Each structure stands twice: as C-alpha cells, then as structure tokens.
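Next, two complexes with subunit A in common: one pairs it with subunit B, the other with subunit C.
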Partner chain A sequence: MPNLQPYADPNYFVYLLLALVPLAIGLYFGKRFVAYEILVSLAFIFLIFDDKTHAGQGVALIVYSIWQFLLGWGYVRYRKEHNQSSVFYTVTALSILPIFLVRLSGAGIFHAQLSLLGFLGISYLTFRSVGMIIEVRDGAIKDFHPVMFLRFMLFMPTLSSGPIDRYTRFAKDAAVAPAREEYIDLLGDATKKLFLGLFYKFIVAHYAEIAYNYFQGMAMSDAHHGMILSWWLIPVAYSYGMYLFFDFAGYSLFALSISYVMGIRSPINFNKPYASKNIKEFWNRWHMSLSFWFRDFVFMRFVFLFLKHKWIKNRNTVSTIAYFVNMLVMGFWHGLTWYYILYGFMHGAALAGNDAWIRFKRKHKKVIPHNKFTEGFAVVLTFHFVMLSFLVFCGFLDTFWFHR
Partner chain B sequence: MDVKAGVLEIIEDVTGEDMSNQMDEDLFESGLLDSMATVEMLLALEQRFNIQAPVSELSRDDWNTTNKIVASVTALMG
Partner chain C sequence: MSNKKKLWQIFGPVLAAFVLLACVFLLPFPLTHYSQNDLRESSVSFSSQIVKGEAVKNAAFSDKKVNYVPFFGSSELSRIDSLHPSVLAEKYKRNYQPFMLGKAGSDSLVHFLNMQEMQGTLKTKKAVYVVSPQWFTKTGSDAGFNLFYSPLQTVDWLRNIGHNQPSETDQFVASQLLEKSVVKNNAYYHRLLTKVSKGEKLSTANLSTLDIKHQILSRQDALFSRCESSSNYKSRVLPAAKSLPKIYSKNALDRLGYEEGQKGTTNNDFHIKNSFYTTRVMPEKKALKGAQKDYDYTKSVEYAYFQSVLDNFAKNHTDVMFVITPVNQRWAKYTGLNNDMYQESVQKIKYQLQSQGFNNIADLSKDGGKDYFMQDTIHVGWRGWLELDQYLNPFLSSDSSQTNYQINNRFLSKDWQNLKPSKQSLSSFK
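Here is the complex of A and B:
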C-alpha cells in the first residue's frame, strides 16, 4: 500500500482524480453516488495513515470521530426538549477538549500521553464539530443525520487544512446533485483552480521557501555572533509572508478544486489579501473561512451577549474587548507558544486601533485627506504590518533568540 | 407596525445613513454594516419586532440589503 499525504506531490492528483471519475460521471447525469463518495473519502483518509509513522494518528482520528459523533447526536437529542446554557457550554467544552489536550502536549505538558490524541487535521475538524454544536444551540440544525454528519466530518478534500465549511451549508450541497450547467461550470472552475494551485504551491511557494530557508541561515549566523537583532530578519519576514500565502492559498485551491469535482462548493479562503487597505479588510480576505468562523461564532456572539445583557454600556469598549478575545482565541488555537499568542494580540490591537482611527477620521473629515495616495499608503502600511506579524507567527524569532 | 419604516429607522440609527432611497444597496459590501453594527442592528430588531435574532446562523446573503432585511424580519415574525 502506498502512503499518500494530501496534495503532497503530483501523483496524488492522478490517483485522486481517477478515483473521482465515477462520481463525476454520476453528477454529470444528475445522480450523486453517496456510498461511492464515502468510500473514496475513507480510502484516501486511510492512505494518509496507512504506514507505521502515521498509524497512531489514524486511530486517534477514529476515536475523535466517535467522540464528536456521540456529542453531536446527544446534544441534538437533548436540544429537542431543553435549552440550558450550562449544557451548551459543557458540550462545547467537551468538543474542544481533544484539541485542548493536544495543544497542552504540544507545549510540553503531559507530552507523551496526550500527543497520542493528535492527528493531521484535528484543528480543522474541531471547527466543523464546534460550529455544528453552536448551530444546534441556535436552532439552525434540528435533526441529527448520522450519515450526513459523517460525510461532513470526514469530507476528505478539506480534512487536513480546510477551508472550514459549515454543516448547514455543506448538507445543502451534499443532499442533491447540482444541475448539469452548474456542474459543468464547477468543473471549469475546478480546472482553473487546480492549475493556479499547482503554480502557487509547487513553483512560487517552492522558491519562496528556498529563499526563506536561506535568509534564516544568514540570520542565524548573526545570532551565533551574539547579535540581538539582525538585518536578515527583514527578508526572513517577507520571504515567509510569500511562502505562507502561496503555500496555503495553493493548498486551498487544491481543496476547492477537488470539492467542486465532488459537487460541493466549499467556501473560498483567499481573495488578494495583500491588497487590503486596512487590517479589517485583510481579515475579510485572508484565510477567510477561518476568520469568518471566528467572526460569526466568537466575535459576534461575544458582542451580542455583552450588549444584550448590558454588561458594558460603551459599544466601543465592547468591540475592543471582542477583538482581543477573538484574535487571542485564534492565537491559542494555533498553539500554546508565546509567538502565536503575541501574533493574536498584535492583530487584536491592530483591529481595535483601526476602528479607533476610523472613528477619529469620521469626526475630522474636513482636515484628514482621503484620496488615491492615502489609499495607496494604507495598502502599503497594512502589508508591512502583516509581514511584521508573520515574522512573529513563523516562530523563527523563538529559534533566533532562545534556541541559538 | 410598519416593518419597512421600523427597519429603516434602525438602520439609520446604527449606520448613520438613511437608506430609504437605496433599498437594494449592499450594506456589507459598502462597509455600512460591519460585524459590530450587524449585532447592534439585530438586537434593535429583536426588541422592536419581538423576534429571535439569528446571530450565528445569519446568512449574509439574506440580510445584505434593506429590502432583504425587511423580508427576513417579516418572515421571522411569522
């Protein structure tokens, strides 16, 4: 048996697309072969975990799926009769528990035992299951469909790194076959995305990574001479920023392309993020399925709760706190390290600062100019701030300062 | 109660814009409604029309213009 990591090399696409041919023919004729779709999904998930180094993760994925299945099934049953907040929070906490333990082990706490719970994709599956529980709480999901639940949780194209879909949206697509014209359009789009993704990931990201490694090496030689800062950190930041975008956007394009072939319109992840005029716009264009998940399930719920109960009167104070909570939770989700948490803090501060600036600008409309040049300046400023935050995020500073 | 007049009043309260002549203007695209303003609008609609605001199941495609908000509120009122 070969071992196939998702989208890792060109062969993967050949095997996967061949396996999807029967499904595509079915969809073209208006039929969705659900059993076959599940079979392909499971087979390619199996191929991720079928060697010695990955087998443990495969077992963890099975345990994880059973755990989330029981939580989802139990909570839907409970929610039909009752709606206590305490039960909702408990179930949400239990759903987050596996990734919480894995993050603890990542930070070196109870390392050996807890790392057994982790597997490729656990961070992304957590969004699927927690999002679903919140939708049950809000009444958007009323019934538990075991098969649809598993198709959603174990949807292979987006298993390892998203884009993060929502159960209600997914179920709408997955319940039917698209109309033929729509499916033909989807296939056209899938082809474009596939080739753009190949260009992004296997060409641009490949060279950006070589540059990133080279600059890290140069910075480390300064570190070995005892320097606290190095000019080489600047190209480290920008080359990492390029690598991260083209690698992740390339991967996301693959995931979307395969989703489309399967007749599922998974949400897009990137929309020219480096052309954003401010940090808020950046988060509407960067890793969109993640940032929208946080927007809807963390930021908006937090603000709603605080304003509704009038815990804090001033709306600007509420939104500032909510920005920090939102971005810090995102930081913690990435992992329990100082640089992920600082990264979250920086973006929380930038979002709050951006709002304050916009309020200030509105008040002083007459004296603050607004034209093409100021907009251009805003794009440049936003881009550089983002690169600075990625220098923190990439973790190289940790090596540079503390692991010389 | 007139739903349209009430919705227009709430949108004006939240965004500072009178939308009565631009009922089909996309409120999210134009930047008039951000997440914060959306929550404020939902809370105000909840109180005014005695409905249950759909915070996390808010489908932005059904709430992005004044006309659509009027329709969505009317639907929620049953």
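Here is the complex of A and C:
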C-alpha cells in the first residue's frame, strides 16, 4: 500500500480526483452518494496512516474519534433535559483534554508517552468537536445524528489543516445535493482554486522556502560567531512570511477545491491578508476560519460573560482583556513554547492597541488626517508588524539564540 | 448559458493545458542547448541537480571540443585552490578536463544511481572515483540520499537492466532503495523494485511504461536542470590558474602549495584553512575534542554499496582510478580518531579493489600529516592536490588500457560488510 500524505505531491490530486468522479457525477444529477463519500474519505484517511511511521497516529485518530463521539452523543442527550453551565464546561474541558495532554507532553512538561495521543490534524479536529458542543449548548444543534457527526468529524479534505467548518453549516450542505446550476458554479470555483493553489504551493512557496532556508543558514553562521542579533534575521522574517502564506493559502485552496467537488462549501481561509489596513482587519483576512472561530467562541463569549456578570463595567477594558485572552489561547493552541505564546501576546497587544488608536482617532477627527497616503502607510505598517510577529512565530529565534 | 457550455468553459482550459503540457513533454524537439561556457561552469558547480539528471551529463561527456572526464566523489571535490585538478588541467592544457560529480553527502549508492544515467560514457571514457573512508559508517551515510536522488535515475537503471535477469548487485540495490521513503511511498517504483529485488525479470509491459516515464522525466530534467547557474570556473578556477608558473614543474608548484598553505592557515595550529576554521571548527571546538575516538569505518553497509559501483564499472569495462583520501593528522589527534582503525578500513577498501582487478589506486591515506597536504579537517588541498596530480596526469593523459576485472559478488554480503579487517581475515575472505 502506498502512503499518501494529503496534497503533498501532484500524484495525490490525480488519485483523489479520480476517486471523486463518481461522487461528482452523482451530484451533477442531483444525487449524493453518502456511502461512497464516506468510503472515499475513510480510504484516503487510511492512506495517510498506513505505514510504520504513521500507524500509531491512525490508532490515535480512532481513539480520538470514539472519545469525541461519546462526548457529543452524551451532551446532546443531556442538553435535551437540562442546561447546567458546570456540565457544559466539563464536557468542553473533556473535549479539549486530548490536545491539551498532547501539547503538554510535546513541551516536555508532562508524560512524554502522551504524545502518542497526537495525530496529524488533531488541532483542527478539536475545533470541529468543541465548536459542536458549543452549538449544542446554544441550542443550534438539537439532535445527534451519528452518521452526520462522523461525516463532519472525519471530512477528509479539511482533516489535516482546515479550514475549520461548523457542524450546523456543514450538515446543511451535506444533507442534500446542490442544485445543478449551483454545482456547476462550484466546480468552476473548484477548478480555479485548485490551479491557484498549485501555483501557490508548488511554485511560490517552494522558492520562498528555499530562500527561507538559505537566510536561516546565513543567520546561523552569524550565531556561530557569537552574535546576539544578525541582519540576516530580517530576510528570515520576510521569506518565512511569504513561505507561510503561500504554503498555507495554497493548502487551504486545495482543501476548498476538493470540498467543492464534494458539494460542500467549506469556509474560505485567506482573503489578501497582507493588504490589511490594521491588525484587526488582518485577522479578518488571515486564517479566517480559525480567527472567526476564536472570535465567536472565545472572544465574544468572554466579553458577554464579563458584561453579563458585571465583573468589569468598562467595555473597553473588557475587550482589551478579551483580546489578550483570545490571542494567548491561540498561542497556546499552537504549542506550549515561548515563541508561540509571545506571538499570541504580540497580537493581543496589537489588537488592543489598534482599538485604542481608533478610539483616539475618533475623538480627534479634526487633527488626524485620513487619506490615501495614511491608508497606504497603515497597510505597510501592518504588514511589517505581521512579519515581525512571524519571525517570532516561526521558531527560528529559538534555534538562533538557544540551540546554536 | 447552457450547462454544457458552462462545463466546457470550466474544463476546456484545463484540457487545453494538459494538451500543451503533453506537447512539451512528448514531441521530439530538443530543449537543451549548452554552450561551452555552460559546460565549463557545470564541471565545477558541484550541483546535486547534475547528479540527479542526465541532460547536462550527456552534453558534457559527448562534447567534441573538451574531453570531460567524470570525477565521482563528495565534499573534497569542491576544495578549489591553485593546485586543484580543474585548475591544473586548465593551466597546463591537459588533454582532459575534470567534470566534478558530487558534493557533501554523495556516497557510493548515490553514484551507482548517478552512473546509470551515463553508462555510455563509462564505456568510452576513463573515470576517477574518490573514496572517502568517512562514508563507511555502520549504517552508511545516507543523509544525502534524498538530495541526490531522482526517479530518472531509477528509470534509467531499470531500462539498463532491460529484459535481462537482474544481477545480484541489482537485487541488492533494489532491496536497499525499497527502504528509502522517496521510493517506498511511490506505488509504481515500489512494485518494479520489489520485482527486481526478488530477481524477477521485468516484463515488456513494464519496460514500455518505463519508456514513457523516461520520455517525461528526461524532458523535465532538460527543462529544469538548466536553471542552475554557477560561476566557480570564472571566479575561482581561472584566477587560480593565472597565478601558476607557465611551465609545469613539480618542485616549483610544491613550493607554491607550501607557501599558499602557510599563508592560508594562520589562525589555528591544525593547519586548517582560516575561513573553514572560523566557521566550521571554532564554534564547536570544545565539543569536538575527543569526539571521534569511537568512530569505526571498518564495518559498514557502504562496502556493499561500493561493490555495486565496482560491479557497474566492470560491466562497462571502465578504465578507472580510485583515490583514497587521508584525514588531517593534527586534527585527528585532537578529535581522537583512531588511526589504526582508519588504516584498517583503507586496507579493507584496497583488498576489495585489488582482489577484483582494480589496480589503479592513488592511496593518499597515509599523507594526512604532511604540511599543507590537507586544506582542512578531512579534505585534501594544496600539496595534496599536487601529489594526486602525480597519479592522475599520467593515468588520464595516456590511452585507455584493456581492463580485466573479476567481480566477486561475495563483497555484497553481510559477511563482508561486517568483517573486521586484518591481514589474515582479508586474505582468507573468498
């Protein structure tokens, strides 16, 4: 059996698209072959984990799915009769528990063997399942459909790196076949996205990565000379920023394209993020499915909770705290290292600072100019700040300073 | 707009793109043209792209103006100074010009596959093969494998086997390649190599798919291997050649090598070139003290890879000279590398060569203590290059001689890989 990592090389697309042909023909004629869709999904998931180095992860995925299945099923049943906050928090905590343990052990803080619970895609599956539990709490999900639940949890195109979908949205698409007109438009969009993704990931990101590796090497030779800082860190930051965007955006385009072919409109993930005028706009354009998830399920909940209980009265103070909480949680989610946490902190501070600046600007409308040039300046400033934060995020500084 | 028309608008361009792509890959018009300058630069570019592909190698070794001779080796090839083989050949208008194949990480397995793309060359030309005992670690130095591997090598190799029964060497190499992730995860190569590893013949259907693969991959190679640009010849070889005396004199050149070595190694006691010392040694100097005292090059899978290369030379009757490199003795003393072990591994390599009729050997392994023989820790330079020239020039400048190799497949075995070399154990190995 070959081992196929998702979207890793051009052959993968050939195999996957061929496997999807019957499904696409079905959808074109208004039929959704659910059993076949599940079969293809499972087969391609199996092919990710079917060799010695990945087999453990496959087992972890199965255990994880059973765990989340039981939590989802149990909580929906409970929620029909009761609605206690403590139960909701407990279930949410249990749902997060696997990734929490994996992150702890990954950072070397806790039993290392717990990293066995981890697998490619655990962080994304966690969003799917936690999001679902929150939607149950809100009453948006009333019934537990075992098959739909598994189709959602194990939806293959977005398994390893998103975009992060919501259960209610997914279930609406997945229950029916789209109208023929709509499906043709979806196929058109899928084709465009696929080719743009190929260009992003296999051409632009490929060269950006070569540049990134080269600049890291140059910076490391300065490190070997005992230098605390190096001019080479600047191109390291920018080349990584380019690599990260084109690699990840390319990847997301693949996932969307394949989703569309399967008649599922997974949410988009990137919308020209480097053209953002401020950091808030950046997060509305960068890794959107993640930041919207955090906005809805962390930031907003936090603000409502504080305002409802009147723990803090000043709205601005609450949102400032919420920004930090939001971005720090995101940092922790990436992994328990100083640079992910610092990255979260930087973005929390930038979001809070941005809000403060906008309030200040509103008060002094007459003295602060606003025109094309200031907007251009804002784009440039935001871009450079983001690159600086990516220099932290990429982890190279850790190597540069502490692992010479 | 009708649905049908819409579908055409979506998939029409995709189809057109594939048709165009097929034209580029399958129509018989040439894509490559290498100028004399391109080839000259490629000869000292040490690019892994050249090892991977066949376009540049084909162009260079069939060149009518310059007699490029393949130099197979690894990191030592790139130590260009005034007495480097490429410089001497340029300056003294030798009737050959070295074409360097390999850089750090290219060992015998890499070169076995590399050679599959140039079998014709090996039949007609002489060759130089630089063996580093450092390759012969327990599990082989396969860190570089992915850097140098391309599917085109495998396709060429399988096509070279053709309808014949795979030899023991083929079976051995196939079984080793099956362990590599780049091969393992490709169902097509996995299937064919499994066949070869079991000694089964390839079918006519197998060979026709290989022909198509070859057409596509060699096209890809021709399209992309020209992107690599390097200017080592212009910026390093030519200036170095300029500074040499007009007439070749070993004594004068030796003196020059001594002086340049002395001038170039002022910041350390190991006679290591200054720049290498500051970037590569100094940062880790403390950690390296005594670090190599347990190194063992006498037992290694590399002996079997090496045998695969020998088998391939024998198959093509290549007139080949082997170079065995020394280590810098001053440095070895510091790192604790066991000199007896080193010499034992050299004896093992030489036994493997001589017992099969490979008698052109430039054994420099005992010269690592001479002043300015080495450029750095394990790479010859200055006077070392000149010493090597005493072997290479007579060999490469003369006509090819008839070869008489007798291959012994026992050298592929685990017994040989793990044999502890001594006078007795070697001479009794059959």
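Of note:
Basically, the second predicted complex is superposed on the first by the 401 of 404 C-alpha atoms of A that agree within 3 Å, B and C clash if a C-alpha of one lies under 4 Å from a C-alpha of the other, contacts with A are read in each partner's own complex, and residues count from 1 in each chain.
What we mean here is this: contacts are C-beta pairs under 8 Å (C-beta built on N, C-alpha and C of every residue); 3 or more make two chains touch, one makes a residue touch a chain.
Just so we're clear, the structure is a prediction, and the values are computed from it rather than from any experiment.
Under the clash rule set out above, the superposition-derived model of subunit A with subunit B and subunit C shows the two partners fitting side by side. Contacts of A:Thr191 after superposition on the shared chain: subunit C is touched, whereas subunit B is not. Once the two complexes are laid over each other on the shared chain, residue contacts for A:Ser319 go to subunit B alone; subunit C is not touched.
Of the two partner chains placed around the shared chain by superposition, neither subunit B nor subunit C is touched by A:Pro369. Using the contact criterion defined above for the overlaid structures, shared-chain residue A:His224 touches subunit C, although it does not reach subunit B. Looking at the shared chain after the overlay, A:Lys280 reaches subunit B, while subunit C stays out of its contact range.
Rounded in steps of 10, the angle subunit B-subunit A-subunit C defined by Cα centres in the superposition reads 160°.
Contacts of A:Lys308 after superposition on the shared chain: subunit B is touched, whereas subunit C is not. By the touch criterion stated above, A:Gly108 is placed in contact with neither subunit B nor subunit C. Between subunit B and subunit C, B contacts the larger number of subunit A residues. With chain A fitted onto itself, subunit B and subunit C come no nearer than 29 Å, counting C-alpha atoms only. Against subunit A, the residues of subunit C that register as touching in their complex are 3, 6-7, 9-11, 14, 184-187, 190, 278-279, 282-283. Interface residues of subunit B, counted against subunit A in their complex, comprise 34-36, 38-40, 42-43, 52-58.
Touching subunit C in their complex are the following residues of subunit A: 2-4, 11, 51, 180-181, 184, 187-188, 191, 195, 221, 224-225, 404. Touching subunit B in their complex are the following residues of subunit A: 134-135, 138-140, 168, 280, 295-297, 299-301, 303-304, 307-308, 315, 318-319, 322.
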